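Chains here go by letter, A, B, C and D, matching the order in which they are written, and residues are numbered from 1 within each.
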Amino acid sequence: MKVVTGVVGNDVHVVANRLIDISLRERGFEVFNLGVNTYLEEFLDAVVETDADVLLISSLNGEAEGWCRDLAILKSRYDFGDVVFAIGGNLGVGEMNPETLVPKYRGYGFDLVFHQIDLNVGLDRLEEHLKERGK
Amino acid sequence: MKVVTGVVGNDVHVVANRLIDISLRERGFEVFNLGVNTYLEEFLDAVVETDADVLLISSLNGEAEGWCRDLAILKSRYDFGDVVFAIGGNLGVGEMNPETLVPKYRGYGFDLVFHQIDLNVGLDRLEEHLKERGK
Amino acid sequence: MSLLQREREIIVHNEFTDRFDFDEVREFVAGASKNLFISHRFKTTDKMQVQPRGGFPTYDKVFKLYEEFKSAGVDILPLTIDSNTRLNDYATAKKMLALSEENDVDMLNGYPLINHGYRTTRKMITHFDTPVSLRHGTPDARLLVEIALASGIFEIEGGPITYLLPYSKNFPLDKAFLYWKYVERVCALYSELNEPINRESFGPLSATMQPPVIVLVIQLIEMLLSLEEGVKSFSVSFSQTGSMLQDIVSANVLKRLARKYADRFGHKDADIHLVYHQWMGAFPYDKSFSDALITTSTVIAAMVGADKIITKTRNEAFGIPTKEANALAVASVQYTLGMLQGLPDVGDEAEEENLANMVDEIMEAVFNDPADTLWRKVYNAIKKGHIEIPFSPHIINANEVITVRDPDGNIRLYDRGKLPISDRSFAFEKSKIRLREGERVVDKIIRDIGIML
Amino acid sequence: MSLLQREREIIVHNEFTDRFDFDEVREFVAGASKNLFISHRFKTTDKMQVQPRGGFPTYDKVFKLYEEFKSAGVDILPLTIDSNTRLNDYATAKKMLALSEENDVDMLNGYPLINHGYRTTRKMITHFDTPVSLRHGTPDARLLVEIALASGIFEIEGGPITYLLPYSKNFPLDKAFLYWKYVERVCALYSELNEPINRESFGPLSATMQPPVIVLVIQLIEMLLSLEEGVKSFSVSFSQTGSMLQDIVSANVLKRLARKYADRFGHKDADIHLVYHQWMGAFPYDKSFSDALITTSTVIAAMVGADKIITKTRNEAFGIPTKEANALAVASVQYTLGMLQGLPDVGDEAEEENLANMVDEIMEAVFNDPADTLWRKVYNAIKKGHIEIPFSPHIINANEVITVRDPDGNIRLYDRGKLPISDRSFAFEKSKIRLREGERVVDKIIRDIGIML
């Protein structure tokens, strides 16, 4: 299964990104890691180019909202079929209530939203989700 | 002016008592310090014996209530005229709300109640009170 | 029947105690879970043991407190006794316990163990299967200790000096020595049945401007008095002085001299442990400052290499802490100990030498007293003012020693009173002191007491 | 008109900046209150300066933040810049600022200084009359620094390496050196008018498993690059490693070598200060654990003898802290510093020697590069992998060095990559490492990153 991953926007927090890369590979995924400082369009292009099954975006520095609110519009331009859109990390500025954050990001077009959730917990849930979808 | 002082009940916290002794003397009072571990009856006896103007009780270990609730009864047995009854220190077990503690101790017969109030602040207020009473 | 056993029967036979069954208790101790013995814990782990303080009047509240502590990761549970029981005033304790149970307000500042009795209390102790330490402050702890051991409490804090001079106004000193001799012997007896009962001395004393020399002398003496009666596991202790270096120096000297004196008196087989008390003096009213103080104490405890740390809480200045506040401190101390790494090995030769010299000087003066037994020599030393505790409420205490802090926060002897220390040692102490131009010593002392505020 | 001045005029002339009045700014700096200069503060006090981090999108929120800090007893105020501005994306910053102002939600993680401009910002800075430190992370900080200095911000953090390798993915390295040369020269110019402008390097780097040798080398290089341009007051810095001893060793060596290299290059008149960053890696989600971590950092800062400490908050793991949480940390750190006394003087000869040797080895390799200027030598060193930063997101970073913790928590070189350190020095490092039977290095690294969790 192919995963495109990276850190969105003007965000340089690379540590989790390195660990995600390693963990995805260990779980048997084929990984295309765009690294930090990646814009939404670049992610979507990469999904198309690599014919990926999953787009897994990280955001740590609190800017995700500004960068991701346009996802729905961008998604409507291409046909992504059943690509799974996931986002995780630190998804707000300041201390946020996950109960309002999660629905917001779902509204933007993400299937899975992991606010301040451990990497491995998140990846376990991703794998379950893929199984449920019959992938 | 004469002051009887000490620490009431099974209470051995002596540090404040030593400092109160020194401070009262510096302020020109004649001090009769009964020390720690003094019972209410002993205080009252000392007030009578020394013809004191002020009885200044400390309590730190949280037991004051158990020892002082009988003050009103004991007071009624003697005629203390205008002796000022003051109590200070740590007047409850656990964290207490001064707004319920102070009226309670007033009800027991204390004119001045200093819960967790600095020594010198308390003694300043005592002196004001004495002035107001025209002493 | 031995004389001791006769005395024990008299002690446990009283209006506040249900029939005391010596045989059953012996059997219980012999078969008790190793997990109840801190002496066993010390043997099997290197991790600093974390122990809070705490006790409430009712059984239920103590039970809930223990649950809270366990989920915070406690190592050693405490049982703090109320102050009426400490003064053997079981009648008042009983009255206040009844009031507490009826009205759901705490009318006592600890657990009245005698009134609850060992049968009830043991249920709780064995349920938690964790070492419990008895914290009291009782000069005559004979009954208390019998009930505690019968309950499964296998660490007993205190001693004839440390639980007397800071905790009592006029309890007779010689009686205290004899009563504690009883305690030591009972502890020694039970120690033969299973793992040793641990005895711990109370180094903080009056927790106010205590000079290390006095703390150390008293620790060593109580240790010797205990080992002399057959106790095999003993903890010496002291509390944060306010100077990191002075804590380190105290610990280094105390560890070394404890071993030296134990060996010298033929107790090579005794295990000796070091306990560090977080700041025991006046706490700030700002709770986040108290948190900072607690963490700082923890760091220092790790630096001095303590075997056990006794924690305070963010509520210290306000009153007996809630179980939540108390457990919070335990969790936070465990966190700090877990993440602290790379501690340097620190010492100070000149300071350690002078402290050790002063301690040795006083110890020799005690040993040179012509009395026949160690406790009588010590008794005389206290009466002569060779040993005294600043800010003791006790009438026999000499009250001549005056201490102040030097510019680094170290507590120094300003007036040595009648302490039999040499001019040379005293000169070293004096040389460190600096008073501000025109400052009165009493004002300096008030400031020095309040350094954590 | 000098070349520099011509460049400055181009820089400040842009669509986001109102007319920049050089003469007025010169005059302002020349007459500015001494209280705005941290360099002056360093000269006049021995107290460790406490500085939080913090910045909000709007003027009002920063103003309130400063009020909160002042009442918590702050020594140095921070101004943290948002990450769009850091990447010179002023258009996005402008958009997000507008959104933040309209909707009263923070859409930026810092203060977009360019968009606010110096006339507005200066009002705030002079109002508080307290030194302000500019925290950004910008490779091309030319405009930002012009606006900052014009606003009365007289400490500029960063440098061509420390604000590039940890903060950027592909910003060209040589440009960064040249842009920072500009910054240094502007700082040097203003330094002649009043008290010196202080420059500070950013020692935490990527805040993840950074070996002291790399941190120190980069600190020394950025110091030399700055002094070379005429800066007279410079702060080297590093962040808590996770091992108390390694922090102490780092500080001792850094202080010594900074003076040594500054003197060697003829900068005997430069003042050099040491800044300690509280733990910069991943924070626990339990806020009381964060408090404990913050206090522990503070104790270590005092032990290493830092001139300034930069604080974290109990909210670190969650997101940008509220002003209240931020001020709480300041107050608590001040409390801890105020009560900490009797700090021992600690060191470790063998560790210090090995660290100093490694640093000297890399420094010599850099100096031996045939390029004509220091910055080009350094540039080549980075390209060759003679200098690299673990966990840098930058594409030019060699990414060959691997570090793990030894059993005492010290960060050690497991793979030295292309660092030009001798076999002997490297053997010392390697000899400290212990891996568990069969443990994979990557799992060890994950554990080692998360030691504070």
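Heads up, the rule we're going with is that a contact is a pair of C-beta atoms (placed from the backbone, for glycine too) under 8 Å apart; a residue touches a chain by one contact, two chains touch by 3 or more.
Keep in mind that what you see is a predicted model, and the values were worked out from it rather than measured.
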Gap in Å, rounded to a whole number, between the CA centres of chain C and chain A: 57
Inter-centroid spacing, chain D versus chain A (mean Cα positions, whole Å): 31
Whole-Å gap separating chain C and chain D, where each centre is the average of the chain's CA atoms: 46
Residues within chain B bordering two or more other chains: none
Multi-partner residues of chain C (each touching 2 or more other chains): none
Category of the chain touch graph - line, ring, star, complete, other: line
Which chain pairs touch, all of them: A-D, B-C, C-D
Residues on chain C engaged by chain B in the complex (per definition of touch): 83-84, 86-87, 89, 92, 96, 105-109, 166-170, 206, 208, 282, 285, 315, 317-322, 391-393, 442, 446, 449
Residues of chain B defined as touching chain C within the complex: 10-12, 14-15, 17-19, 22, 35-37, 61-63, 65-66, 90, 92-96, 116
In the complex with chain D, residue positions of chain C that touch it: 241-248, 284, 286, 288-289, 291-293, 295-296, 298-299, 328, 331-333, 335-336, 339-344, 346, 348, 405, 408-410, 451-452
